Amino acid sequence: MILLLIILFTVTPPTAVQVKDLPNDDGGKILITWQRAPEPEIIGYRVLRQEQNSEEWETLAFVGRLANRYIDDEAKNYLPYRYQIIACTDTTAVPSEPSGFVSAVPHWFDTSTLPAFIGTIILSLIFIYFINRAQRDKNLFIRRIAGLDAVEEALGRATEMGRATLYVPGLSSMADVATIASLNILGEVAKKTAKFGTPLIVPTSDPIVYTVAREVVKESYTAAGRPDAFHQDIVFFVTDQQFAFAAAVDGIMTREKPATNFLIGMFWAESLILAETGAATGAIQIAGTDAIAQLPFFITACDYTLIGEELYAASAYISREPLLLGAIKGQDYSKALITFLIIIFTVMALVFNLPVKNWF
Amino acid sequence: MKRRIPLMIVLITGIFGAVAFFVPHPAIRSADELMRNDVQRIITAFSLVLGVGSIVQHHLLKIKRHAQFWPYSYITIIALLITAIIGVFGGIDVTKPGILPTRIASFSFHIQTIYSNMMVPLAATMFSLLAFFMSSAAYRAFRARNLEATLLLLSAFILMLGAVPLGRAIHKQLPAFAEWILAVPNTASKRGILFGVELGIFATSLKIILGIERGWLGGGK
Amino acid sequence: MNRTKENILIRLQHIDRRWIYLILWLVVMIPLLFPFKIQPRPTPPVTQLFNYIDTMPEDKALAISVDFTPDTRAELQPMVVSLMRHAFAIKRRVGILAISVYGLGLGEEAIQQVTEEFNSRARNHEDSVIYGEDYIFWGWTTPVLTVMLGMGERITNVFPVDYYGNKTETLPITKHIKNYDDIGVLVTIAASAIPRSWINYAQTQFGVHLSCGITAVSAADFYPYVNSGQFIGMLAGMKGAAEYEQLVRQRMEKNGMTWLLRNRGTEAMSSQTSAHLTIMAFIIIGNIAYFAVRRKRK
């Protein structure tokens, strides 16, 4: 009896058992925290759970001696549970006081995304303001983009030489915004090739991009008044394998010897293979990508390169549609706002030592 | 009407996709997962049929017209057919064969064998071309024509030297300096470009959702 | 004479590409046949990842996502092998998955190699690495988002059966690796932008610690994430693999494992060094010819 009392008094139970519904989730999770018992002979903690209106305690897990929290991810929503933590040694098990009842609930808003939400609202408002303003003020200024100015010249060169124009819309899928931007440019390029009578070759690496590109080119030829000049062979699917596609396009470049190559969209390691082969055939090359790692290769091997957001500005630049130009303006002002905020917060953090990092 | 329906679909699904990012509730998340996983998979599966149809049609036309290099089109179509038949009827898992036998004595032509012994070396070969293309591009284009080209040239030199023991032999801080170029000026400029790219993506996505950008619909108004 | 010299310089500027390719081929091949020893010093991103894994708590596992395809195998496979060696040497559990179906064969190859290395030298059960207890190969499933988001909830929901067809719920290791909470760090080995997706989905939602092993050409892309702490260190290219191999070898020797193992990243360093030096020589020659011709024309 005395021995038992001695053992009981030498191992303290875990204390401060707190339970709460895990925030910002889709429900079904309850967070249990406790203060560890200080005794070194403790080998771990057993986590038990009891449903309301039930007498039974269910063992959920056994966690290590250093643990002081556990997430019960098998809780049913809206069902009250309470928990108990048992400190275990080799020979004994000392339970804590049971916690209060808590239920898991799904949440309607993830508060950790609040900064992103506020940013989305502010940026959207800026864009919408400038898009509306563009409808009133149709002469919005955009600086020269050399690569886009060269499109007409490059296509003219192909027409004069009687050779084809090759347009590669990247290797990504329609889920990639760079591909969508590339197809917008393809539409404008196709209108010009239809007008000039220049053969156009568009190999694609994704079946969905193939179907969209085919429709884009077909509509462009129709809009240019040359629906008869369009044929199914202009746009074709090659393969979705990265290097097999590169090999196929290289083959097209060396056999067909296009006078102008457009490499616009999302590219990966095959970018230099395509660009260098095109350079070896003597074609004029206009590249554009937002894949930063590939930019050095395009800049080295191509005549003109659209860097990053110039790719997204391209459709507005070429078409000069006021609404699209307004969106570009909105982009620029958003960037200015972000730059301003970075400077302000950097100064606050450096000069006034404010914990700006923790605010987000 | 032909344009209105896709525009409405894009508007509704675009706004829903954005909302799903902020709302963890299962009512929204489960619908979002259904769209992303199941619907997307079905569309991709159907579009693959279109893609294969396109490549077959493209090469059959070349053969029919006896266009330049038309014999290569035969090789493409035959290779496509053989691989498809072996893949579909021969089974994907080597341990679970299909209805088509894929082995004659010790010679295996299972889809995995074809992949490992043909696709992999061919892909590795194409990737290896990068080394040669990089050297010819560097030789051709890395000329100190102006200030920017000179800076590019010098940075490339320092980084290449930093990656080899010769760099440490030249100066013991050279590898650290090369690392600094990557970690500081390179990172700073990339962050700047990234800001622009992400804003561009935001703007383009908003334009598509609101129906302002319609190039993806097939051009026209 | 001067005209001859100018002609040589002009021809040097416009030399046929094939000479450059031939020289480069020789420079890469010869060190592979007659290698010389090159041991790069570990850089801070590699050391950071090594130290993090080395000091991971015992109850945390290392997860490796084989997200690359066979064409980048030479550069990235040594990373998978040395990460597994490290984890086994310090007795941490390992979970391997593949985001791309092409990574399955590569993951399997690495597992076979490393388990054979350890089990052929094991003196008792403790030293061995047992499937289902010390490591698990979850395999591949689609789509990518389901994997990245589902693993945060419960891994057995994403991979109900492993690569070998075993029910994952029945394996003992599953009790210790339920979801991201049980993973000390997930290292994605990739040649594409997949590591960014891991940050966007897995880390943003669940806070899992991430790192990456990427090709040298992509390294510049991912430095911002290393600097911001979103990646714990980084292995960049063959050099990164060679540095990590060196650190792992030192750790294994410290643990009494003075084994002679093949380190493919380190072996390739002699070729890579020669190639770098050759390209630098090409650039210098090209610029000398360029400036000499330009000066003569003035």
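We call the chains A, B and C, going by the order they appear; numbering starts again at 1 in every chain.
One rule holds in what follows: contacts are C-beta pairs under 8 Å (C-beta built on N, C-alpha and C of every residue); 3 or more make two chains touch, one makes a residue touch a chain.
Just so you know, these numbers come straight off a predicted model, no measurement behind them.
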item	value
Distance-maximising chain from chain A - centres being C-alpha averages	C
Of A-C and B-C, whichever chain pair has more C-beta contact pairs	B-C
Chain A and chain B: spacing of chain centres that average the CA atoms, whole Å	15
Centroid spacing, where centroids are CA-atom means, of chain A and chain C in whole angstrom	23
Length of the line joining the C-alpha centres of chain B and chain C, rounded to whole Å	20
Touching two or more other chains - residues of chain A	242-243, 269, 292
Residues of chain C engaged with two or more neighbouring chains	17, 69, 71-72, 220-221
Where chain B touches two or more other chains, by residue	119, 123, 126-127, 134, 136, 138, 140, 142, 190, 194
Interface residues, chain C side, partner chain A - complex	17, 57-59, 69, 71-72, 153-154, 179, 181, 191-193, 215, 217-218, 220-221
Residues of chain A defined as touching chain B within the complex	24-27, 106-110, 113, 116-117, 120, 123-124, 127, 131, 174, 177, 180-181, 183-184, 187, 190-191, 206-208, 210-212, 215-216, 218-220, 222-223, 232-233, 236-244, 246-247, 251, 255, 269-270, 272-273, 275-277, 279, 290, 292, 295, 297, 300-301, 307-309, 311-313, 315, 323-324, 327-328, 330-331, 334-335, 338
Chain C-facing residues of chain B, complex	33, 36-37, 40-41, 112, 116, 119-120, 123-124, 126-127, 131-132, 134-136, 138-140, 142-144, 153, 156-157, 160-161, 163-166, 168, 175, 179, 182-183, 186-187, 190-191, 194
Chain C residues within the chain B interface of the complex	15, 17, 20-21, 24-25, 28, 38, 40-41, 43-44, 69-74, 105, 142-143, 145-146, 219-221, 223-224, 226-227, 239, 272-273, 275-280, 282-283, 285-287, 290-291
Residues of chain B defined as touching chain A within the complex	18, 21-27, 29, 43-44, 47-52, 54-55, 57-58, 61, 68-69, 72, 119, 122-123, 126-127, 129-130, 133-134, 136-138, 140-142, 190, 193-197, 199-208, 212-213, 215-220
